[in-house]
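Below: one structure in structure tokens.
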Amino acid sequence: MREKVVLDLGRLPPHGMGTTSVTWWGTLAFMLIEGTGFALVIAVYLYLMSLAAAWPINAPPPDLLPGTLVTLILLTSLAPNILISRWAEQQDLRKVRIGMVIMSILGIAPLVVRVFEFPALKVSWDSNAYGSVAWTLLGLHTTHIITDLVDTLVLAALMFTRRGNNERRFGDVRDNAMYWNFVVVTWLPIYGCIYWLARL
Amino acid sequence: MSRPATTPGTRDIELQRTGLTSALAETWKTPSGLWGALATVDHKIIGRRYILTAFVFLALGGVLAALMRIQLALPEARLIGPDRYNQIFTMHGANMMFLFAVPVMEAVAVYFVPLMVGTRNIAFPRLNAFSYWIYLAGGAMLWIAFALDMGPDVGWFAYVPLSGPQYGAGKRADIWAQMITFTEISALAVAVELVVTIFKQRAPGMTLNRIPVFVWAILVTSFLVIMAMPAIVVASTSLILDRLVGTHFYNPAEGGDVLLWQHLFWFFGHPEVYIIFLPAAGMVSTLIEPFARRPAFGYLALVMALIATGILAFGLWVHHMFVAGLPRLGDSFFTASSMAIAMPAGIQVFCWLATLWDGTPDFKTPLLFIIGFIVTFVIGGLTGVMVASVPFDTQVHDTYFVVAHFHYVLIGGAVFPLLGAIHYWFPKLTGRMMSERLGQWSFWLIFAGFNATFFPMHILGLQGMPRRIYTYQPDLPWHGLNLFVSLSAIVLAAGFLLFFINAIRSARSGEVATDNPWNAPTLEWATTSPPPSYNFAMIPVVGGLQPLWENRDALSVADGLRTDRRELLVTTLAEAEPQAREASPQHSIWPLWAAIATTIMLIWSIFSPWAVVWGAIPVAITLIGWFWPKGTPEDES
Amino acid sequence: MIRAIGKTCMRAMLAALLADCSGWQSALDAHGPSAVSLKQLIIVIVVVCSLVWMLVMTTMIVALLRRREVRPATPSPHRMTVAVTGAVVATVLIIGTFTVISFLATHALGVAGQDDLTIRVRGLQWWWGFEYIGPNPSDRFETANEIHIPVGRNVRLKLEGLDVIHSFWVPSLAGKQDLVPGRSNELTIRADNPGVYRGQCAEFCGMQHAHMALLVIAQSQDDFDRWSNAQRQAARQPAEEELAAGLQTFLAKPCAGCHTIRGTAATGKTGPDLTHVGSRRTIAAGLFETTRGSLAAWIADPQTIKPGNNMPMVPLTPDELRTVSAYLASLK
Amino acid sequence: MKRMTGVLLGLATALAGCQREERQLRLDPPIADALDRIALMPNGISGAPPDVYFALGKPYEVNAYNLSQGKRLYSWFGCKACHGDGQGGIGPSFLDGWWYYGPEMVSIFASIRDGRPHGMPAYRDKMTTDQIWQLAGYVQAIGSYEGKTAAPSRNDEKQTRPAENRAPAKLLFDEGPIPVHADQGPTP
């Protein structure tokens, strides 16, 4: 079949940022998947709660302190997170490097507190269904913090190599920042579930 | 925005046609030999593998079905004991649903969606490679377990408590649950790739209302996968936790609930049916055009029907639980919603009929399969309406009536279009045509064999024959029909055998195909058969729904892409206006390593919870290796 | 060879046609009010659906075979809208009606009064335990795999899942209902004509799901009272020496560890109550007709007859086997 | 002669299928009888199981189905009345690392079949050989210090201790500081 050239793409940028990059959309899709997962586990929590005569099932409600601390850390981490994505947009390598270090620290901090959060549930995963679902919710979110932390650390390392100063890296930084926002936002309903529904 | 032109002589405009193709071939080629085979990220190679593997699983599942029919041919047959039989019917269901039906539809999409939307590779090609390896590993694990007398024996639905810690002895149920994890990972990965490909990589001018119906179907399906599969992941994970570390999700004595499993399972399980059916419907809408020699009737209606089905699919899972003792009023609501889904199906059937009515049918094998599809699928749909009625269902639920129903929907509704599509797309897959004569024969054998095998099951069900029984007593009035069914199954098997023979022979020595042997209107036919590694020498520019019919003498294309690196075009979501020239990753071995690491972690975690901790480390390492930039031209910006 | 297959096919078809509405476990052979109304519903829906299918098929055949004149292949939007709306309206009407009638039919199901006969139904791998409950404790008695009910009276079944999920289904009397562990379901059945109705577990429950049948015997109130009085009695002391020997074997061997025979030292709870096993029509959950022979065969090798069931193969001498089977057969 | 056939049949079954998961539903009478002939030390502690036991590949220790059947029998034959879920009660505990007659299968088999002084009744006439072996295997699994992968998981009941596949004895032992029997180590 003959071909008739009707369009010249030569002037297009060789890489897209933000909504122009496929990675951005991929990240979004994965957030949709994991969001559905979180929603379902919360649904399971509510379902079991609706069946139980008393909730929490023979256990005191969990300690507020560690969970609330994690919540605060996560919320505060939003500020530098939004900044870093802006710096990445401006492709300001120096600031981005600093930001990545800060974000790595702000990724580790909640994990440290999280260690105390599991005992603070005051119930074991194998003592009853309440314990099982509470541990699952917490564990599920913890894995998300860990995955994003690993991603952040790798990116941080990458930003200090010669490959760092590359539009794609800045794009990755922005997608990573977006994912961290997701991790923080999804925590809020889980926090409400574990700590406040158990107090109703 | 506009940047200095890259090194001279690397842009397609600057090259002669031959120079262009050879340059592209060099840039996009998959390295030869074993290494290349393991490292390739070409969606066509991976798609072909996917399709092939899925059909191997189809054949294996068919063998299991044959064994069951032999056992059931006579009352109190002693050929297969209950223990093996339970493994066999569980394997048959799990294999057909998770290792054949869903993967094969996604496989066809992996191969054809990039071609139909006019791009050079699927989005996230390395993830694509990874998803195939994971799928292969999951299937292998299941079948090896079966060979070791360790195959799941709790039904493909694995209802607790039978599959739970107390009654599911050994690791059989865990094998089932972990096989789910494997197939879900691969299915979800492919769904993401397809959604992004369809959103962002469409050829310039392919606005939302110019997307081929098959691609629309795949888009809706991918969203169904994304929204539904997490439910089964949650379910199977909690099941493994119950069995391995003693959680109590499904233990009533400790606040758990048995029906929670059924809710989770069917919240996935019902959309699953549409994950299988919608692509098939899309295939019909696409295939019908060249064989009715006219554009499909009611494009908008067809697309809306697909979307409506996708949404309704989440509103009727409870109709699988009508006899579990839920409140009757809720049941009635689900009756209504389950019946409502007949509407979009009806609309599609009507549009297809209208297309045939308006067109001039060309009775080639693909059209025969479409006709066979309409005949059987309408029956399946109507029996679906029947079981959607609560009182009706209390008599036929878990009987052979339901077995007949869903085989009409799944084989009639999905496998017939799939076989038609294989005959239709075979030239694009292999560069050769399938034999028309054998094709017609296999169609008639399959069509006759199928109906003779499955129609009598409706009657058996009404006569009170329950599902999942490994035998039945001679004093029950079922043996006549069962014998008849088993004999008919031979015809069905012969038909499939003929299809496989035809496919293999044609792939070797079939008549060589031209670029567009069926005079079809969609973009995949605008390139050679089979397409080159880069799909299109120049990205086509689309001006309508049937690009190859609108302007039959010349194809409008766009130029300006680089040839010295893998480059494809990113366009806007709605209007498909060019946005950027994006790089597409080169071949890489890391997806394979990552898949191996993941496989080790998943299988190990059947036996010890610590596998999740220690097994995650190699997974992380391989993923870092995967994403660490290698300084290829694709990494420039 | 070919002819042989052909013959078998013909025979199979014939059998199918004859078997169509017969059989003692068939939804099409209704003998109770709810089964009858379900049968009517089934027939109505099936007929309507068949008509729809024929309509679609004729349309398709005409569409495929009609002689056509040359015409531009462009769909007129008008015809399309007409077409689609037509389809929608037709479908809406049909499914709307179906929804309504099935809703009404659902409400007709399972209306139970107060004075109903109540039976506790326990589903176990792979047999049915029944406990008749009456106003006063002395009325209660246990039996297994076979219930008798008075004709024309509502019987309320309290369904309890004890191990895995089972499903109680006697098609000739009513639709099925699951026995779910941790939940209690109810089902009301009524038989309008005397007769023997077979039922079977309808939810996959493991190894011997295929052999988990039960019989419902509907009889006149008098016969039923006679039967239930007999069932309440303890087993009679065997007079004949063979039967006495049988009882001795039963008590000396593992049998008594799992089975109860009221009035003897056998008080095992994990197997079916055998106090009046001889009076039941079948043994091993509907597997065989109850005879001395079938009892002996069953006791001699349960794992070959019903592989995987929970009755172990107890080593017995021929004499022990003879006497114990004779004794059990005598427990009318 | 009978023993010979038993051994042969045993070998045949051992060769067939995967040991862990294969479900031996029907034990042929000759094998059953061979399995009944254990050689016990005069003091009733420890001894040797019959050859066929090894020919079969120690089915009652490694086979998941046998172990779960054993668990079924444990509750069906009222073991809980005296031993609880293994914590003991009127009868001794299985979790404290202390086996009065040793932890070998033969001893446990003998204890169940022939009974023991101070109240352990004999089950010779209440259970078949096959069942006694299954129960013995399960009892051993309760007290095992390494959770066998073939060991059963929790029951759908109130939980009193972690399930057998999680080596409850080990958990209890680690709970320390002073184990229930200070003189006993985790490898009895």
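Chains here go by letter, A, B, C and D, matching the order in which they are written, and residues are numbered from 1 within each.
Everything that follows uses one rule, which is that contacts are C-beta pairs under 8 Å (C-beta built on N, C-alpha and C of every residue); 3 or more make two chains touch, one makes a residue touch a chain.
As the structure is a prediction and not an experimental result, all values here were calculated from the model.
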**Comparison of B-C and A-D by number of C-beta pairs in contact, larger one** = B-C
**Asked** Could you state the distance in Å from the CA-based centre of chain B to that of chain C?
**Response** 38
**Complete:** Taking each chain's mean CA coordinate, chain B and chain D are separated, in whole Å, by 47
**Asked** Distance-wise, how many Å sit between the C-alpha centres of chain A and chain C, to the nearest whole number?
**Response** 53
**Item:** Per-residue multi-chain contacts in chain B, two or more chains
**Value:** 81, 83, 161, 242, 245-246, 248, 251-254, 256-257
**Fill in**
Flagged in chain C as touching 2+ other chains are 181, 307-308
**Fill in**
So chain A residues touching two or more other chains come to 126-128
**Fill in**
The chain pairs that touch are A-B, A-D, B-C, B-D, C-D
**Request:** Would you mind writing out the residues of chain D in touch with chain A in their complex?
**Result:** 154, 159, 162
**Asked** Given the complex with chain A, which residues does chain B contribute to the contact?
**Response** 1-3, 5-6, 11, 13, 123-124, 188, 191-192, 195-196, 199-201, 204, 226-227, 229-231, 233-234, 238, 241-242, 245-249, 251, 254-257, 260, 263-264, 267, 515-516, 526, 537-539, 541, 548, 553-562, 567, 569-570, 578-583, 620, 624, 627-629, 631, 635-637
**Complex contacts: residues of chain B adjacent to chain C** = 81-83, 86, 155, 159, 161-162, 167, 252-253, 256-259, 293-295, 297-298, 301, 323-325, 328, 331-332, 335-336, 339-340, 342-343, 346-347, 349-351, 353-354, 356-361, 371, 374-375, 378-379, 382-383, 385-386, 388-399, 456, 459, 462-464, 466-473, 476-481, 483-484, 487
**Item:** List of chain A residues in touch with chain D within their complex
**Value:** 126-128
**Prompt:** For chain A, which residues are in contact with chain B within the complex?
**Reply:** 1-16, 20-22, 25-26, 29-30, 32-34, 36-37, 40-41, 44, 47-48, 51-52, 57, 125-133, 135-136, 150, 154, 158, 163, 166-169
